[in-house]
Structures are given as C-alpha cells and as structure tokens.
Amino acid sequence: MSELALEVRGLVKHYPGVKALDGVDLIVRQNEVLGLAGENGAGKSTLLKALVGLVTPDAGEIYVRGEPVKLRSVADAADHGIGMVFQEQSLVPNLTAAENIVLGSEGAAVRRGVYRWDTMRRLAQEQLDKIGSDIDPLARTDTLTFADRQMVEIAKVLRIEERSQHPPVIILDEPTSVLESKEIETLFAQIRRLREFASVVFVSHRLDEVLDVCDRVTVLRGGQSAGEVATAGAEPRELHRMMIGSTGSDDHYHENAAEPVTAEEPRLSVRGLSGKTFHDIDLDVAAGEIVAIVGVHGSGREDVCRALFGAEPTTAGEIRMDGRKIELPGTRAACAAGIGYVPAERKIEGMVGPMSVAENMTLTKQKARCTGPFVAPRKQAGLVDRWIERLSIRTPGRDTAIGRLSGGNQQKVVLARWLVGGDIRLLLLDHPTRGLDIGARSEVYRLMRELAASGVATVLLADSLEEAIGMADRILVMNDGRVAAEVACPSGAKPSPLDLVKEMV
Amino acid sequence: MSIPVALQPATVSAKARPARRLTGFMPIIALAVLVAALTVADPGFLTQRSLTAASRTAAPLIVLAAGATLVVLCGGIDLSIAALASLSTVLLALWLPDLGGLATPVVILVATVIGAVQGTAHVLLRIPSFIVTLGGLSILSAVALVVSGAGTVRVVDDSAVKWLDLYVGGYVPMSFAVAVVVVALIALVLKVTPLHSWISATGYSESAARLAGTPVDLVKVGAFCVSGACAGLAAIMLVSRQFSGGPTMADNLLLPAVAAIVVGGTAITGGHGSVWRSLAGALVVTLLRVGLPIVGVPSAYEQILYGVIIVVAVALTLDRSRISIIK
Amino acid sequence: SEQAAGGNDAAAEGACQPSDVRLVGQVRNESNPYEASWLAGGDAYAKSVGLTQERLTYDGDSTKQQEQISQLLAGDTKCLVMNVLPNGDSDTAPIVKGADQAGAYLVTQWNKPADLNPADHQTWISHITYNGVESGQQIGDALATAIGGNGGIIALQGILDTAAAKDRFAGLEASLKKNTGVKLLDQQAANFSRAEALTVTKTLLTKHGEHVKGIWAANDDMALGALEALQQQGLAGKVAVVGIDAVPDAVKAVQGGTMTATVSSDGAWQGGIGLAIGYCVATGKLAVKDIAAANRAFFAEQFLITKDNAADFVEPKTNPADFECANVFNRVAGPLT
Amino acid sequence: MTVTAGVTAAPRRRTRRGAAFRDAGPPVALVVVFGIFAALSPQFRSVDNVQNIVDAAAVLAVVTCGITFVLMMGSIDLSAAGVMGAAALTVSLLVANNRNDNDFGLLGILVAVLLGCAFGCLSGLALVLLKVPSFMATLGVSAAGLGVATLLFAGVQPNISDTMLKGWAIERFLGFSYLTWIAAACVLVGWLVQRYTRLGRYAFAIGGAEEVLTLSGVRVKPYKIAVFALAGAFYGLGGVMVTSQLGAGLVQAGDGYDFSAITAAVVGGTLLTGGRGGVLHSAVGVLLVMVLTNGLVQVGVSPYWQGGVEGLIVVAAVAAAVIPQRRRNQVIK
C-alpha cells in the first residue's frame, strides 16, 4: 500500500447534546478497501459526511492526497474525487434513473442548460453496465424497486470516475442493508474492480461482509477511533469486541430464551386474504409464536404485512384476532385490536422526525401517558425514561427530536411505541433490524424473545434468511403473492437456508 | 451493551435553550418593533385610545387566524374562512330578529358544521384542502349572496350581540378579550391533551402518523370544525361592530388571516407552530393594515412598505430549526 | 365603564379655529381615475383653505375601512372632518356611530342604508349620492333611442351586493317598461371591472350574435371593456354602448361617437364638497341645525352626457365658488327618496 | 479512466414510461364537461364560441404557464396580480399612449416582461436568502407590485394607441387572435423548457426531493430564483396581454389571476406539493376552467350562482381525477 488517498486528523463535531465526533483519526490508502465499523451512533455517517462536505467539522483537518482541504459542498468534494452513497436513499423519485445517475455532473448530457436525452441515456447506460444492472435508464425512479434504486445510487457514485482526474475515493455508507444476496455479490465485484484504480470506504453492520470485502477495518467508538484490524484471518467477534469494548454474547438470536409455543387457539387467524399483490393467504400465529415470512422482491410479503395492519386495501378474506373478526379494517382498528406495526421505511413511515423521543414513543398509546383525557407530564416522563433505560436508547434526553438520533436508536424508540401501552398482542415487524448494529440487533432479538415469552404473537419480515431462521418458530415462504411453503423451524431443528431458497424461486 | 460516550450530560442541551426561547419570542419582538416604528413615525400613535382601538380592530382577525392555524398545523390550508365568516354575518343578521340571543350559538354551530363538511370532503374524497376550501369559498359566497338577496342585512336590534362591543375594565375591548380567551382555550386544550401530538404528527408526517394509529382523518376534520367555529365567532364580532351582515363583509380578511399565521412563525407546511404565534401575527398584520395609512404613508408607498415589512417580519419570526426545507 | 373612547361633545360645534381643522378624505383606492380625481379634488379644496387633506385608502376592503376609521377616531378628533366613501351600505352605520361618539364631523357619499339618516345625528352632517335609478333609466332611454327603439340589448351589472348596482339596474328595468320594443337578452355581473366586462361581453356576443343591438353597462369602466370587446369582435360602431360616471375616457368616447351616452358623477367635486361642508360646520360658518332637512341627505345634480354636450365635460372643472359655505348645497337635485 | 466492466451488460428491462393512467383524469374531465355544455346549449358548441373560449383562455394560459413551474417546485406564487399590474402600467406608459410621448413599441413590451422577471427574482431572493416561505414572499411582492403600479398610474388612466399592441387583441390568424397564438407559443416554450432544459427538469426535481439535489452537489438556490424569475416574466407578458385587450394600463390588470391560475394548474393535475404535473397539464386545466365559466353563462345559470356552481364542479372534477390514484395511507395536504 502506497500513498495516502485521504487522511483525517482529530476531527471534532458537536451536535446539541451530542459529541458525534470526538477527535477521530482515519487513514485511507490508495487502492484499498477500508471498512468502517461501529455501533449505531458511533459517528460513522457523521465522519463520512464531513468527507463529502456535508458536515462542517468544528475542529480537525482533512488531507486529500497529502493536501489539506476545506470541503464546503458535495460538488467541492467531487472535484477532489470523493463521492458517497448515502445511508438514506438519496434519489429524486420523479426523475428518470438516467437523470439521477448524472445528477450534479451532467457533463456532455447537458449543453448550455439544454438536455440531450440521447447522450444522457448513453452515459447512464455506461454506468449501469459497469454494475451489470438491467434497469431501463429512462424509467422513472419511483417505479423501481428498493434494491434497483440502490443499484442506481451505486451507478451514480461511480460517475466520480469520469468526473475527477485523480484516483477517486468512493464512500459507501451501508449500501447493502437493502440489497439481496445476489445484488450484494454484484456490488462486491464492483468494489473489487474499483480497488484497481480507486479507494473505497465501506460501512456495514454485517461484520462478515465487512471482513469479506475490506482490506482493513477501522473501528469507531463514541466518536473516536477505537482501533484498526487487518481483515486477513480476523473474526467478526474480534471486531465486535472492539466496537463495544467487551465481548458480546455468542447466542446472537437468544435461542435458549426461546420457549416452545403452547397456545392452542391462534391469536391471529387469517383466511383467504387477497389484495392487489397477494392472493388467498392463510396464516395462523399463536400467542408467543414468531412467524417469519420470507420471499424475494415482489413476493408480496410486505403488502400482506401492511394489509394485516389495515394500511393496504384487501379484496377478500378475513382477519381474526383471538377469534374476533376485525370489522372496518384500518390502522385505528388494528391498533385497537392490539396489533402493532414497525414499517421498513423508518424515516418516512416509522417516525415523525421533528417530534421528540417522548412524543414519538407515546404517539400510539396515548392512554399510557394520560390521566383521564389529560396528558400527565410526570407520568409521561417516568414512562419514557423507563423505556429509554430499558432499551438502552442513546439520546441526550426524552425531549430530543427523534430525527437527531442514530438509526438504531430511532428504531428502538419506534419499537417502544408499541410496548409502552402494555397491551400489545400481535407485532408486525417489517425489517426491524435494518441498519442496526450487532449489539442493537441482538437487543432487538432479545426484546422479541421477551415479548414472545410474555405471549405476544409476532410476524417477522426478516432482514436476512439467517435472521428468519434464527428467530422464527415457523417460516412461511411466499412466492408471487402466494404462500408457497410452510417450514417448521423449532429451536434445535432449524432448516438450512438452502431448504428455503428452493421454495423461494 | 452501550457505553454512553457520545452522550454529554443533559446540561449541554440547556445551552441551546436560550436561542430556542428567543425564536419563540420573535413574534412578540416583531410586534414591539413595529409599534416602536409607528410611534417614531407619528408620536401621537402610541396612546391608550389608539391601542384600545387597534386591539378591538384585531379581534376578528385573531379569531379567524387562530382557527385556521389548526388546519395549517395539520398540513392543510383553509381558504374558506373569510367567505364562511361573511355567510355567517348574513345568517346572524337574518336570524337575530327571530332567535335573539340564541342566534349566536346557532350561527357558530352552523359554521362548525360547514367546516366539518369541508373537512370530511377533504379526507374522504382525497382532494387537497386547498382545492376543497377554494371550492368552498365560491360556494359559500354564492350562498351568502343568494340568502342575503345580494345586499346588506341590517341588524336593527343588536342587543344580543352588543355585549361584544363593551369594554372590560374600561380599556380592554370585550371582543379582544374574547379573542384572547379563545386562543388561550385552544392552546390549553392542545397542551393538556394528546391532541397536540396528533396534530403535529399529522402535519409533519401524515403517513407516519397514520401508521402509528393516530386518528389522522378525525384530527383533520376536527381542525376544520374549529376553523369553521372560529369563522362563525369572527362573524359575530363583525356584526356587533357593523350592526349588519353582508355577503362579502369578511371576504377581504382571508389573506390577512393567512399572513397572520405565517408572520406568527407557524410553518405553512404543517407541524410546527402555535395559536399564540398567530395571535401575535394577527396584531402585527392589523398594525400594518391600519397603522401605515394612519401615520400618513401615501397609499402607493403603503403597499410597497406592507410587502417589504411582512416579508421581513416572516424572515424574523420563522423558527427554522425544525424545518429543513422552506418551500 | 362602557366606553373607552370619548370625544368632544356637540356643544363645541363650530368652535374650531380654521387652522385646527383636520381634513380627511377616504376612498377605496388611488388606482382608478374616478377616485383619484376625488382625492385630487379634496386636495385642491384643502389647499384653498390653507390646509392639507389626509388621504386614506382601503382597497375596497370593508374591514380595513372600519379599522382605519376606528384608529383615526382614537386619535385627536376635536376638529376632525371626514369625507368618506363607505365601501358598502353596511359600512356606513359603524362609521356614523364612531363619528358620533368621537364628535367628528362626517359627510358620507354613495352608500347608506335607507333607514339610517343624518337628520337623526349631530355630527353626521350630510349624505350625498347620485340618483342611480334615474341615471340607469336615463342611459337606458338613450340606448333605446340609439337603437331606434327596437332590438335586443345586454346588461352588465356591477358588484351585485351594492346599492349603486341595484339602483342602476332598477333604472334600466324602468326604462325597459317604457321602451317596449327593447328586449333584455341577458344580464351578467361584471363587477364594475373593465377586464371582466371584456370577457363577459365577448361571451354574450357569441351567445346572442347579431341580436345584440346595444350594451347597457352600470358604469363606464365596464362600458369601456365592452367597447374593447366590440372592437375585437369586429363590431365596433355597430352596437350602441352606454355607461355611468363620466370618466374622462368615456366622455371622450361619447364625443368621438363610439359610445352613446354616460351620466356625469363629478369625482373632483365630491372630493371637495364633503370636506367643504364639514369645514364650514367645524368653523362655525354653518350650523347643523340651520341646514334644511332636504340637504342632510340629497341627490346631487347629474347630467346625461351625449355627443351634443360631451365637449363641456371633457375637461372636468370645478368651480371654487361651489365650495363657499353659502353655496355648498347648490348642486342639490332633490332629497333622498 | 474507465476500466472495462467486470460484469457483462444484462439485457435491458423495459419499464412503463409514457403518459400514465393517472394523468388521464383532467383531459377526460375536460371532454365530459365540454360534452355536457355542448348538449345543453347550441350556442356553446358554435365555432364562434369555441374560438371565444380559446381566446379568453390566452392570458390565463400564459399566467398559468408561469405558475406551473413554481408549483412544480412545491412552492406557491401569489404575486401574479401585483406583477401583472406593474407590467401593465409599465408597458402602457412605454408604448404610444395618451400620457407621454414615449413610443418604444416592442422594446417597451420587453421592458415590461423584464420588470416582471425582476419581481420574480425578488420573490426568489426572499425565499432563498431570507428563507421566507414562498406563500408570504410572493404575497409581499404582489403588494409591492401593486404599489409600483399605483405610483405609475398617478391618477390618470394611460390609454395605449400603439397599433401593434392593440392589434394583438384584435387581429386574427386562422380564426384566433394574435394573443391566442402568443399564448400557444408560451405553452410550447414552457413545455420545451420543462422537458429539455436543466432549469425545467431541476424545478421538477426540486419538487420531488430538494434535499437530494443538495446531496448530489447541485446548488439549488440559483435554480429556485430562476424559476421565480421565469414565472415573473410570464406574468409580465400576461400584464402586457391584458393591456392589449383593454387598450389601457390598469392597476387591476391582474386581479384574480393568482387564484385562477393556481386553480387551473391544480385542476390540470399539478400537485401543490410539487414534483408532478407540468405545462401541458396546466393547459388542459386552463381550458377546463374557461369552458366552465363560458358554459355557465351560455346555459344561463344565474350570475348569483355562477361562482358557486363553478366551485362545485372544480371540486368534483378534481375528486374524479384523483380516484384512479387513491391509495390507503396516502398523504393529502
């Protein structure tokens, strides 16, 4: 490894109530893939945003190829050859994929402010070809699937190659959290290709991925550099230890906390449920049971989940909770029946960004913070603080806007929302661990186990097959809007991922 | 599992508080600056009688703006308030002879129902509130024109609404006092019940609110009801002041009312704001409307000044800490 | 206590020094020729007595007018003289009540409800208006004559809920009764606006085609809009047009023959006379109790302007003698009916 | 610099692109409303009247064209009335008129359009630099525009005698007045701008996801200002056109155009939240509104009720148009 592509010294960034970066040092060499690991809220995204000019550090220096620089904007960073794929998807939904790909660096596609659609299409095509994507460049972005959009983002950041005459530095902040394994493979092939002429910074909470694709991993803890690991021969556990400062538990999925399901009557009973993207779904979930639904993109499992919560129209079928039919389907009725839903798109659907942690947590179960019809501030404070502590939510306080927390902590607040009332009977979890670090994920798993033990029925759309297998008592495989198979998944006799994949395609 | 290193003690967040508090007081500061400027322009402006007159003048605007603020907080807009108030003045003037004192609550009730109808149309038909209430505006105007016979309806015996024209303690106009009470009442109800959470959640992010089981549709319809009721109350204030009802009497209060809301610093996109801010905003707007000509600014310059001052006032009062994008 | 405001009482009537008098003219806005000439007339009068007129405009916004008046009355009202154009009938009562309480001298013009009379008040000296029924009828008759007593006409109404619009239209109806050969094909509101009159006229012209022989407009602005529409449809000169107000452009059109008739309402005089009456009372040259009942609320003289006499009205001139205290009621055409 | 791709290109997947079903609502509503009036009134369906409708739509079309760009960004613009008034007075004082000896002809028209552009710039600057929401910024600019217009008016109505400008409203080409052709040209230009220029596409993108543009290194501020300036220029031209129609410069030239233009745009399918719709949508909306106003007169609805009936139909039309796009959990503001 030769010259330094990027060097960061003593970077500091304060946010109200939080020291997001506390003197971080970081080195990125030419032609290497650097992994960045750390818990939720460790400051990874903040550090990376500072590298593309989106965050102005309070102190510290950034050197690009040995030169000290002040990065003021994304365009500024791009001129220095630094580009980034952001953690939150950042495409303009109502533009075509091609426009998104060349956005901000249109080059020959726009002459004197006038679009040349053919050129733009060609340029975009070149980028898409690089990553082997078959997306139509002139498709509107909002008609693409989530994963396709992620591919568009990656295609977009690769424009840096054309834009800068220096070897580029490409930053990928959790690009894999929404991808399927095949797409992840494509991405990794790209990363390896990029290493030939560029440097890559890669963030993921899946530590095996990090070890797989990176040459070297830097670990952040509490806004500081906690150390560095060469990946050759390294173990995920070692990384994990550096991230949290102690050894984590081995039993990731807390399987020994799993209790056999004993209930006879199903808590949730669905018969013949049909909608736009799913047909004739039968589903029973007993109290204390965790049922995972797996399927490829377009299998319709997400819509089933929403339909159960009354957030998606159905054309036929019925839903019963504890034998009682849910009339008047709708989110209100579902809440009243003790159903809770954690949506996948946390930023848009899961939480109300500008509102406080306390308000977000008590948004649904207002009764829990009220005496009579009135809000009791003391009661609310006690309740919220209790749950903040119980779930170890990292926040400056209960009055902090939830949008300011790191993703993992936001997710915990969203989960807590359903628990504060103490009357939850069925939880619908759509990718509840998306974007969470191992610790937080483990925490969420433990919570799921606890809830199951207390009799809560759970429907889980897992983030990975491993997660589904690890957590579920039973797995439903969906294919093309129908239930293709049902696989028992008891503790001790877990099926292998391959068994499931067979049914999925 | 977590080591709270990145966490500073809660005292740090206190540092940010004075600044926050200042933005909260910005509408009041803008108001004070405006009064000071008017006084400098015409030293005779700052008298007790003058302030009494201004507060009496502002009352209907305050009530209108306060009601519409709720709709704005929910992320919508109510363009029908002024037309509804006009219609209500006509109805009140028509009904006073028969119903006497009962006419007041009946008119407010009718206005509430009209608000509810618009809100229901908005949530059921899924049409933007801008369009529903723009349609409502034309329909209500037409109805007002027809029921009034296209003319002023005189109130001969105004004893039932006269109380609004009295003065509390000799100096505070009753209508202003009522307006403040209404604002306080709305603010109090929002503060002590979950309504505030529900309204802000609806305004900031409707889909998240819905998925959290917030009764979004009910909240919106409720906001329109309050907005309607306030329009009715404003109409009663106008009738007590004008001794008559007219099919276009309040029509010109629409833009001032919206201006009052925005000048108060409530985000027009929803979520952030309060009725107190609208109260201050309504006073600022009233002072601009009457103050500038009274201190002798010529008509043409008055309009230019109005435009400039109102833009500057909003620039001062808007709390941008919670809104990242200004549309 | 009931009232926060209190003013000078009527006993002080006439006790003002000429230099202490405060003259205020209030109209809708300065952006149309009629009201601009009103304010100019007020300025000219004020200058003639060594004072200046304070101009107030309220954008045709009733509430804004009330707001301005109450703010005005909250100031020094001792020798205040107001010459006010109330936005609508309903706006007169509160203005009168406020002036009464504050003891300010008030002359109102155009709009007032029928059952509200200056004679019942101390400081509301006079109400001046033009006879809308009469003018509506006069131009209706002129129009009938112009089309030879036979044929279809269309009518452009003003803002529907104003007395002026209603009276003038009533005048047209009276005229139609008399001229049985004339048929009213259609009537639409164009809100006293030139632009609206243009589109409405075009639509009505396509609707009724060559049946339209004449256009009756409730004011000159609309008549001018109708003229443009005729020109655009290639009908200029083929259809007779009448209006009311005698704004300079309309008078010129009458003189040039493109318009048939209009009726004078003299803005400059209206702007001056209200102030003059108030000034005379305030300074004691005229006592309210001496003013004949017929002069407390009266129709001002108006003239039908046709091609024959248009030349006399092209240059609107006010006679300073009209504003002398002895002559202020010279132009009374009759008591309000 | 590009290194050969490690992955071979996959065959293209085609996705639906063209006009979507959800955009079909307003044109269908237009046809239906037109059909109903045509059935009710023989005069309505006469060629003359159709010409009249299209001619009457000219000014509104130009103003709506401008406002569409602002709405596409998710902002709102209420400055039309003031800007049009100022432009009307300016142009009437610069071309041959009865107030002064100016006779600048086309140059005068250009100045008026540029003045509109300048007012638009002001709105944009207030939005971008002072961070005042466009609702308020444009309301302020409108007041200022009316003030400027009143100053220029100075008590005497300027009547224009410029034959070219007057001719715009009177002379016809293929049955339509020149103004109508100007409006058609504006719609065409607007459509080209929207589809083929960075300004237009960025306006669209800003409405879609403004923050993403920033993340992509695009400086959105200049584009926002430019969009308001473009809209201002359209209003300026609208003011000129009204002057041509009325033969005089009126302070009230733009009265009511702000709300009618927004109504037309929204009826045409442009969302107030931004990111959807466009100039062609708006053109359909304008025609729909004009057909309504004309039709109600033609079938003889009482002037008292016209406004109300129009409001009702607009609400119904929008309601019908959104039916195909109704979803659960959809955000409606």
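Every chain is named by a letter (A, B, C and D) in the order it is written, and numbering of its residues begins at 1.
Following the convention adopted for this analysis, a contact is a pair of C-beta atoms (placed from the backbone, for glycine too) under 8 Å apart; a residue touches a chain by one contact, two chains touch by 3 or more.
Owing to the predicted nature of the structure, the values given are computational and were not obtained by experimental measurement.
Trainee: Please identify the chain with the largest separation between its CA centroid and the CA centroid of subunit D.
Mentor: When every chain centre is compared against subunit D, the largest gap points to A.
Trainee: Tally the contacting C-beta pairs at the B-C interface and at the B-D interface, and name the larger one.
Mentor: Greater number of contacting C-beta pairs: B-D.
Trainee: Averaging only over C-alpha atoms, locate the centres of subunit C and subunit D and give their separation in whole Å.
Mentor: Comparing mean C-alpha positions, subunit D is 36 Å from subunit C.
Trainee: As a quick test, compute the distance in whole Å between the mean CA positions of subunit B and subunit D.
Mentor: 29
Trainee: Any idea how many Å lie between the Cα centroids of subunit A and subunit B?
Mentor: The mean C-alpha positions of subunit A and subunit B differ by 42 Å.
Trainee: Which residues does subunit C have that touch at least 2 chains other than itself?
Mentor: 29-30, 160
Trainee: Quick check on subunit A: which residues sit in contact with 2+ other chains?
Mentor: Residues 311, 331 of subunit A touch two or more partner chains.
Trainee: Subunit B: which residues touch two or more other chains?
Mentor: 145, 150, 207, 210-211, 299-300, 302
Trainee: Pairwise, which chains touch?
Mentor: Here the touching pairs of chains are A-B, A-D, B-C, B-D, C-D.
Trainee: Give the list of subunit A residues in touch with subunit D in this complex.
Mentor: 54, 73-78, 86, 90-95, 99, 103-106, 110, 113-115, 117, 126, 128-136, 138-140, 143-144, 156, 161-162, 165, 186, 189-190, 192-193, 196-197, 310-313, 331
Trainee: Once bound in the complex, which stretches of subunit B touch subunit A?
Mentor: Touch list, subunit B to subunit A: 1-8, 10, 12-13, 15-16, 191-194, 197-198, 200-201, 204-205, 207-215, 271-272, 322-323.
Trainee: Which positions of subunit D touch subunit A when the two form their complex?
Mentor: 1-3, 5-17, 195-199, 201, 204-205, 207-209, 211-219, 275-276, 328-329
Trainee: Please output the residues of subunit B touching subunit C within their complex, sorted ascending.
Mentor: 44-45, 47-50, 52-54, 56-57, 60-61, 145, 148, 150-152, 154, 156, 166-167, 170-171, 173, 238, 241-250, 252-253, 286, 289-291, 293-294, 296, 298-300, 302
Trainee: Quick one: in the complex, what on subunit D touches subunit B?
Mentor: Its residues touching subunit B are 73-76, 82, 126-127, 130-137, 139-148, 150-151, 210-211, 259, 262-263, 266-267, 271-272, 274, 304-312, 314-315, 318-319, 322, 326, 329-333.
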